[in-house]
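Below you'll find the structure I mean.
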């Protein structure tokens, strides 16, 4: 099943804000001065390099919010792998609106497609292995829901969406609690029954301590491949094993080969390379 | 003179929104469950690779908005070139607040420092030449003011902030107006006296036509180095000459060597590589 | 450890909005007309019936937002069980501000203390048993984070905060998927590793099917006490067992006696009886 | 004439905010994972106990904001007295949207119908008498306009909507002014000609003083039935007489029998019992 | 007693929005480029023509929101009549912030002082008579609360703040109801006990009908002075009599001389002449 | 070409806010109580004095946001010169919505048409000369984009929209920089290539200094007609020459006759006289 779209109510505030950010106080002074109100055109969103489409709803909403007379036909919806030169959607309507919305539409589409494409490149690279790719909270301020959606579109999965939907115990928490056992006990004493607990570990000794506490997942922080393999053996299915630390398409296969369940990559969202998509005018 | 900071009133909404985005509806359930309210700590924002600092105000505001008892001392303000391992600021106060704000603070700081560092790398690369580096409207939705500030911090300059603060006539505008002369005339007939006109040209013939119209700037779109050089000669100081098209630290020196006035780079803001900065706990 | 307070950044928008809602366009016309600006007074928030305090931060913030010169001293913080007549906090400062903020402050305090008190009454009633009390998504629009906080203050726990932080499979989901097995498989194929799955069951046959799928929790929907007891035996620790259906202080002990892990009560938040707290003027 | 609906512009922000509150950052992960996009269903909002409907516009708007393809047919509009089992509206459309909006829609409908039903129960109880029922400013933060609308739907009337649309002089105002006469004089010297003045009185002596000042209404605060009766005689039509103090369906008839004009009840809005309404799937 | 100030919580959103409106996306580029961060100055808000001060809180808040280091000393608070050349307040602090906030601060102060001054000029003109001056709902969108405050500062009174705080029956209402009697009856059947009813009348016959219905106030719409006098006689104290229709300082005394209770003037707020106030730099 | 309309996304927030401001918490209590829901009417926006129409989109949007069933037909769009009695648009639909939106619609239309009309009166007055009329930043807080649009509709042009879209160097900037040369140099060192520099000058000596620095425009501050003429001669086309200082329809022709390029008038927006437009009911 295709990744379900976010309901428009969830994306509209960001698209509206981006349009206002670009229109400023005077609007599109170039287009307004030059282009007649009655001019009409047909255009196409075209991939200028290969990748995975994400954010088409945002892009099309940008056009629609500027001028409700703009119509679009989707050729390659979110999740489609597109080749260079492939048409993603055709858009027709008043030239003014299309010119005024073009940049904002592309900013969403290129950014989110960039994330989906990067995600897909890792997902493909680790396909022979059991590991899933997950993203982190290292997102661009204000765009978390959209960026995490793009990761899903690219075949990845989502780690926590925020500080409130999962317990992740790190070294500073342990230090504050006195011990990992105490930290886990305090967490258990306060969280709801649908909240899981993950513990970040640096060493196999810490890992053993964590496993004794029957936590749900462990995060192996910057371990060597060899340590990861031993960690996977030690866990033996008793917890989900997440590996983190500079996961990129290059490094991912080796990490996945250690047998871990998850590769978490901040790179997916903190260092996005936009996918090159343009609006071609006919 | 150092790049002046944005007034807090301009950055606070973005920082506040990012914190809410991360806190969600339940707040930092890990920290709240585990860390005693009275725990205090000293930490430091430390560069994990070399670069240029930008966004420190946002980062420190994130801590302050979570807990006004958190105090910071700035060692290397925005605009500082930092080496790997260098301390940017020290932060002290309640552990709870520091843990809860850490990710948001770093998301701003690493993102904006990434932009400043990329800008600086191009600025350095083109130093022997007269050209300035400018950014574009290919920004991340919602962050334009902050990203353009980071470009300035990195030594670059800002192109238009939006559709409303400069006229930029592209091929579709010309098509709609019938001719470049008509497009420029329409623009002149409507804009204010502090608004400049720039025209995008693909060929030297177009350039000559534009110069006859006494426009303020020309944008050479994806020209070869040789064409650029000839364009610069043709313009001969009668307009600002901007070169665009896949400007990166690698390509920039050659473009600058053609004698153009400006290198405009969408890459600076649409494909940001975060600068690696961490919060070290003592 | 006391329930940690919500950071002010999370409660301030609601308090500010409530003040504006009450002040309208003309402000407190009675007080402004009658009370001299220089008048000062001391007052006390006093419980007029016994209960558990929650929302004191909201109440005090209401006073502070109206006039930053108003000072408070907390006698009985959130989570305190108070007797009739007991002072919760003393508040001193300009009379105008105190009169103008009084109603909004009390509206928060009485509402949230009502929820905490109701929660506490059930928590006490089921103390002999292992069961925990949890709240639901049947909350007052706009106040979910605050209401769920109040449940925690009263000794209860939080079920899902929204549609996005846990999978809860109900009969309509099963119908749409064709079978429970298919529904669970689809969920597993898309959710993150920190997300748990709970299934609502009406019969013991459904329960057995759910257990075979190794889900994390089961919700027994409106079962008889006898069925609940048999369900608990059947589950035998393999999943968290939640009982729902008209849980009140009266019915709770019997439900808890069946051995279930959780009692979930919509009543806690959809049918709140405000705790009677007043502002006494000295 | 039926109580006129609030214009959509007045209710939409609350409904939109409630949906966002429930969807969070990831949306309805259960439904999105399990239910096919093309699935359609017919459902009905059905009363599970008898009461008066209020808030149907909010509920239907919740469905529409999630998916504009959802259609509704209203059987029993706001103000209708419904029996247990009666259908209030039928709703048809995409299953995903209906499941995602269900809880928010019901939260509005059950809450506001609860208020309307409570109001109606008092209105019926005092029907033999001349008294009207009015609500107070003891409302749930953020929902005042909606709650006061629900009181009207239930046959009640609205007291002040805020601090700004009526003068209500209480003991602290009198103390600050030195005397009731001075307080009334100050109010008269500043308010507009469409603003009325009401005075809260504890004793018949105070009442006589207030009447001499020709105020518009008096609020008898926690008087005995006998005092109320004497107060009504004393007033003799010279002011509107409001009785307050723990007005419930049980106590209301006796209070009304004293001849007062108004019974004001904070209970209507500060201690709401939700009306049990569910969404039945066919 | 001086007109009480609006609480800061009521004015801050407008001031903050105005600053953002002026700062745009790049801030004060002139000042930031030219003025050193450490430069300090003393300035004074000085009246350049005579009038009544209003909006000083807004102006000073603008400075404070830009830079909290800016300090002010108030010489002539809101409500003061100032002569040309008189100092209203002195302001000291960082030059950057003072230059960046200057225009917004003056925009509030000159606009609101303009309203207060116009109000005062009418109030003075009608002093020999019993009539009060009131404003209308013909206000500048978004500034109603501030503009009505300025009218009060100038010695005027406020008519309705909106459609919701008073009943004003006009000819179209009467037409829709069939008769004035029916319109008044319908209003009485639905409004709260603190809401008054005013009726707009064009003729003395209508006035007599209105008086028979015992309404609270009548609005004489564009009557001649003679008709007004006869209307006042006819009413004979049974209702408040409001005269409207092009009330200006020139026409006001004659209208007031007819004996009406109120002169309502849309001109006060729909056609504001700013009071000339400047910021002098020392 | 007609002045292009602002896209609805730019005007909707202001219109929505103005409606909420007028509806308050209870809505239009007069209309709701009296007018039957099914009543329909035809009305017309009619000029009660001659002027230039601006803001019709805002006015019609106000009606549409209150009730989407209201339909309008435009007779005289923005920019039309209308005579007294001329119909601007006809509006038909539910009476309730039309009455509830009427005031807000007129507030926008009368205010913006007032600005357009004042602008047009100056534009006409200076037609024999080369000078253009421009507005300033002396606008009503929150309405800058709309007011500047109205100036354009009236035939004027826009000066800066904010502090961020043009450099305007005044005496305090020069003082802070030490000299005009230093101020201009600092500005040039930081601004983008599409940003122009204007300098305010008080004397011809300052003007000569400014011209030597090759700035784009000069602002002659409160010069005599004779000085203006000499300034124009001195500039001799090397910069745009702007004259400011109490420009009104009376003074404008004489200023324009000096040969300056621009007349800037704060009066256009800080002292607006609303155009008298009413809604006639048929």
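Letters A, B, C, D, E and F mark the chains as written, and numbering starts fresh at 1 in each.
Definition applied: a contact is a pair of C-beta atoms (placed from the backbone, for glycine too) under 8 Å apart; a residue touches a chain by one contact, two chains touch by 3 or more.
Given the structure is predicted, the values throughout are model-derived calculations rather than measurements.
The chains that touch chain B as well as chain C are A, D, E, F.
Traced through touching neighbours, the fewest hops from chain B to chain E number 1. Set side by side, the interfaces A-C and D-F show unequal numbers of C-beta pairs in contact, with more at A-C. Once the centre of each chain is set as its mean CA position, chain A and chain E turn out to be 51 Å apart.
Chain C and chain E have Cα centroids lying 44 Å from one another.
Rounded to a whole number, the gap between the C-alpha centres of chain B and chain F is 32 angstrom. Contact of a single residue of chain D with at least two other chains is seen at positions 1, 21, 23-27, 32-33, 36, 100, 144, 158, 161-162, 164-166, 186, 190-191, 195. Shown here, the protein chains touch in all possible pairs. By the touch criterion given at the top, residues 14-15, 17-18, 21-36, 39, 41, 95, 99-100, 103-104, 106-108, 110-111, 114, 137-144, 161-165, 167-169, 171-173, 175-177, 183, 186-187, 189-191, 195, 270-274, 281 of chain C touch chain D in their complex.
Of all residues in chain E, those touching chain B in their complex are 16, 19-20, 23-27, 32-33, 36-37, 65-67, 96-97, 100.
On chain E, the positions that touch chain D within their shared complex are 1, 3, 132, 134, 152, 157-161, 164-166, 186, 190-196, 198, 216-217, 240, 242, 261-262. The touching residues of chain B, when paired with chain D in their complex, are 21, 24-25. Taken together, the chain D residues at the contact with chain F in this complex read 1-2, 4, 6-7, 9-10, 144-145, 148, 158, 161-162, 165.
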